[in-house]
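Input: a single structure, listed below in structure tokens.
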Amino acid sequence: MRRLRLGMVGGGNGAFFGAAHRAAAAMTGRFTLVAGALSSDPERARDSGRDLGLAPERCYTNFADMAGREAARDGIDLVAIVTPNHLHAPAARAFLSAGINILCDKPLTATLPEALALEQAAAQSPSLFGVTYTNAGFDMLREARAMVAAGEIGAVRMVRVVFPQEWLATAAEATGNKQAEWRTDPAKSGAGSLGDIGTHAFHLAEFVTGLTATEISAEVDTFVPGRRVDDNVTAKLRFAGGAKGLLWISQVAIGETNGLAIDVHGDRGSLSWSVASANTLSFAPLNDRRRVIDRASHGTAVKGLMPPGHAQGFVEALARLYLDMAEQIEARRDGRAPAADALLLPGIADGVRGLRFVEAALRSGATDGRWTEI
Amino acid sequence: MRRLRLGMVGGGNGAFFGAAHRAAAAMTGRFTLVAGALSSDPERARDSGRDLGLAPERCYTNFADMAGREAARDGIDLVAIVTPNHLHAPAARAFLSAGINILCDKPLTATLPEALALEQAAAQSPSLFGVTYTNAGFDMLREARAMVAAGEIGAVRMVRVVFPQEWLATAAEATGNKQAEWRTDPAKSGAGSLGDIGTHAFHLAEFVTGLTATEISAEVDTFVPGRRVDDNVTAKLRFAGGAKGLLWISQVAIGETNGLAIDVHGDRGSLSWSVASANTLSFAPLNDRRRVIDRASHGTAVKGLMPPGHAQGFVEALARLYLDMAEQIEARRDGRAPAADALLLPGIADGVRGLRFVEAALRSGATDGRWTEI
Amino acid sequence: MRRLRLGMVGGGNGAFFGAAHRAAAAMTGRFTLVAGALSSDPERARDSGRDLGLAPERCYTNFADMAGREAARDGIDLVAIVTPNHLHAPAARAFLSAGINILCDKPLTATLPEALALEQAAAQSPSLFGVTYTNAGFDMLREARAMVAAGEIGAVRMVRVVFPQEWLATAAEATGNKQAEWRTDPAKSGAGSLGDIGTHAFHLAEFVTGLTATEISAEVDTFVPGRRVDDNVTAKLRFAGGAKGLLWISQVAIGETNGLAIDVHGDRGSLSWSVASANTLSFAPLNDRRRVIDRASHGTAVKGLMPPGHAQGFVEALARLYLDMAEQIEARRDGRAPAADALLLPGIADGVRGLRFVEAALRSGATDGRWTEI
Amino acid sequence: MRRLRLGMVGGGNGAFFGAAHRAAAAMTGRFTLVAGALSSDPERARDSGRDLGLAPERCYTNFADMAGREAARDGIDLVAIVTPNHLHAPAARAFLSAGINILCDKPLTATLPEALALEQAAAQSPSLFGVTYTNAGFDMLREARAMVAAGEIGAVRMVRVVFPQEWLATAAEATGNKQAEWRTDPAKSGAGSLGDIGTHAFHLAEFVTGLTATEISAEVDTFVPGRRVDDNVTAKLRFAGGAKGLLWISQVAIGETNGLAIDVHGDRGSLSWSVASANTLSFAPLNDRRRVIDRASHGTAVKGLMPPGHAQGFVEALARLYLDMAEQIEARRDGRAPAADALLLPGIADGVRGLRFVEAALRSGATDGRWTEI
């Protein structure tokens, strides 16, 4: 089976996310990296490309060039966009125009209007479009989704999702921290914690339950003096069908490097998962004992990339999304339907939904927590 | 030191809470049980009293008699009221009139007007008045409170408290379960989950932080068809000084026998505790490693009843409240100020506050979650 | 039902274990404390008795007097012996002679010869005899035992038990710590960690599995310079029927206030428990998902003193042993067989077995770990 | 920086470990796969190579050819050997002869004589030699090692390491499970659990403490009837300098997919780690509160490949070993000393030591657990 040809926008030398994406792609055994606009700095773009073994003529310094020339030579099968948020929209638009499949980091864009425009452009392009909500690649979250879908916890009553982090507990953006700088700059990141981690949390709530969150009542705070974006959000949610939810995201939660966790309570059972124990899922059935479900063991529905007992970490989760995209690309090429689980790859609609969540949370926060349609 | 004489209203043979109260009192080494209105059924009252070694003439069948006659004979130093909620108010009123000190189960009363009336009566009585929010007796929650008060986590930003239970996940009240029957009967319990466990959760939020919750925006649900009281509540809180909060209580949370947990985030650190690990407290200071604090070890401020390594459970926590009350009684008798930590015993104001919380949550819930003053 | 009359040897004012025993007895609702030799210091004995509400003529200053005079007046139904180890044997002997039932702290005696002599004396006395291996009162350890007995994990292959503590990690006995002084004094404690916590660990291994440990290969160490007793022991065990075991006890394990834990692996499943999560038991059946079993919930076999969701701590576990003893006493009085679970109260044979374990471990340690019969 | 050229022996299509090795290599950004003897089946070798993008002339069907021809063309910088155990020795020998650097799966060989012979061969070859004890790539185990070396827990007293698994709890080798077949075939795997997971556990004990285990007293069992290799081993260890140890490995431990864990107790503190919480390390200093150390946070010494909050799983740990090897190769090429942490890559001496452990354990087991020199 011919390997798919991968290109990358962003992710030059020293960028962790670029390296993680390349490892994830490699882990699937389905992609070869062949082109890149790895940096807007020509020297860094060239050096990064050389170090990665790219042909010099496929080391671009801007994504528009790359999209045009790769399309012209029947080049890459997929482009991964791993730039800061504000560049997602223009980069994605270029590759949509070129008819090249896209895997784009989240949040989809910095603002909702951009996202909606991009969604329209995508509707008119033949390109497949995936969004790397990486957590959707954890086997045990897919297991949770499958269990909810199979009715194992009955009708959902409550969803609780939290994503606390500590890294912006003080004014890190004033101390030269580059990540902190662009992520707290409204021009580059859109919203603050809402865009950066809120979109992850919100996606998970809908991904696991299969439900649509219809309304939000949010309290949007900025606790660090001088910060220009939100850094702590508490919210109630209402879901279609009557389930209720609570959401907490924070980037000022001291003691948490990554506290992502979700639990879902239904009328016949409950499920809970946290990234700190990513390889297990807890399941409590009505009137019975709680189960601890180990990844890839004892009747799990999800067939992942890894055997039981080998910890699935960040890169392995991301690899799952690359595998889904490979399957989608190959299925289309071969004129067949993709395997069902490949459709769990978050798509552009999920990306847009993240921006709708951000916008609704901000509006609710600005109106004293009024219930606001998402 | 003469032991204090204890009386009890409710708690006849077979009642777990009565036995737990007696064990807790015994553990302090400060009380002897000498009188009781242990049941309204004369035979059960007499048999229970005999089995507990009470003199027959001090086995009463109603609390009014007991209050009057014990006061007349200079009898008991303290009465413990462990009846269903709707009897708290009349029983407490009888002992207030008699000038006898009171330790009353929570919620203080079934309704806010009753609570306010009782508070007025207490203000005109010489009786000391404690309310058994039992969790306030866990050493590590007192440690948490002391640490917040000492500034170890700085200014509080966020408080999160949850109290999920599973025991009413189905219509247990329709199956002959006596506990379920009275606790879901508005006439006997007042509110449902709000009164039963919400008051615990709310008290803890204020107890640990030392802050006053000023407003609530609540979503009050009844998920089990036919149930006459609330069984699941999600709420945002605002505290004086700007801290924000989230609260979740549920009696339909399958998999949880008792999921009480709290975490508090400040601008210099955070604390978290759960009843499942009641003997440790987790403390994360800013820019430093998380600490796990073991009960009674390594510089803890709280001096409890038990040495390190011996698990403090429910009865040991309750014993702490009896110890506080013994200290308050003896201090008053001896004309001295009680030890400071004895004042951590929740009092009638805390009891009233619980009912204010219930009433504000219900009002907010009835107005689409409008922020409502507590 | 008349309450049983309890006496106590040791446990004067300020002694935690005495207070814990009294609270445990009270929790059962079956005992009234009426007599005591609470201290060998006459003044302290008298003051302690008065504070506990004992009649002055039943406050003794030595246990021999107490045994004789209580027997003469048809006094107490049970004596609890809560002295330092080296006094267990003479005190127990006095009450055996008087025909009074005994509940004795562990280790049964300081040395094996004493234990064997006591066992002989017990065989010739009508007294019932219990030994307070307190952990045997935790509901979930009884649940574990019942599950093994019912074949739920099949034939046992492996048993692992650990009991690490930190409190003697340095030479605490040289700093005026009274507990450390007598517990590291061979004349008062017999062995060191072997007697103090090793007997607990060894009892648990046999209690949960129902198997007899036949041989031990031990490494007995004293890590703290100048200490006169062992403070760290590692050992392999062999059980009748072919199961194997590992045991580690330590009083120099920094970071552990009480790390007691056991796991048992069979050919159809495994069980694990630790005192840090005393209210749950983990059960992994063959080819199926691990279960977390909550105390008193969802089909547990053990009916404890407490409802689900209320944490069973140290005193509640001890109360279970008092309840067992009450049942044994009443059954004998009434001429009926005691309830089966009351027989789980460790008896004198279990006490002797603890000393055999200590002696075998010391002999194995002295012969370079030779497999030694227990 | 030119990327290093990687070859692989074993790891054809469908082999998880081959894919994991390739992802790990990719994650470092330092290697490009250019050659392979991916299978001894010519068709599978060719197809696998094609799918991985190898040139047809560099898809070999035996490792001897590959070693010779790659050496001749100045081909690969490193070969990864990921075959079953019994092929490690001949494959490694071929590449040693060719002067090609080697990264070899563990155990180094199936038997100790093979290992010793290979060690001699390596001593006469210019090749660098690494052994993929993958756990040595977990950041927090490196942190633990660094902390012990820095004296943070003082002199080591006790080491405890366990590695339980469940996958051979029944006779899986009789049911067509390929992994089970070769791993329980003495001709292919050498020892059973000792070689497969015992070598991991033993390496970790020495790796973290920096101590040499001098003697072992082992009980070697085969619990599954008909099995030809050991499946459960319990052992005591003695370390140079006086520390003691306990080791348990099992492949019949129901409920454990991978229970690898280690704790080390010293006279000034203790450390504990388990693969289930691979991204944290627990550290308890003497007379102070336990710390939970998060990967890549708050003063950790180890600089890993990944930022804080992103879970390091199996592939990320393996990537660390590839990074170490890249650094060693480049340092030699550039005539400089490698960065110190690159030397943490386990080498051939560690591989030999694993076989010595296996052999000593078997000898001790065969002599009733006699203390046996390792």
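For reference, chains read A, B, C and D in written order, and residue numbers begin at 1 within each chain.
We adopt the following convention: a residue touches a chain if its C-beta (ideal position, glycine included) is under 8 Å from a C-beta of that chain, and two chains touch if they have at least 3 such contacts.
This is a predicted model, so every value here is computed, not measured.
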item	value
Inter-copy rotation, chain A to chain C, in degrees (Cα atoms; steps of 5)	180
Chain at maximum distance from chain A, centres defined as averaged CA atoms	C
CA centroid of chain A to CA centroid of chain C, Å	54
Computed distance of Cα centres, chain B from chain A, in Å	44
Centre-of-Cα separation between chain D and chain A, whole angstrom	33
In chain A, residues with contacts to at least two other chains	282, 290, 294, 297
Contact set on chain D toward chain B in their complex	282-283, 287-294, 297-299
Chain B-facing residues of chain C, complex	1-3, 13, 16, 19-20, 22-27, 29, 32, 51-53, 165, 167, 257-258, 275-279, 294-297, 305-316, 319
Complex contact set, residues of chain D against chain C	153, 157-158, 160, 164, 166, 169-170, 217, 219, 221, 223, 232, 234-236, 238, 244-246, 248, 250, 252-256, 265-270, 272, 282, 284-286, 290, 368-369, 371
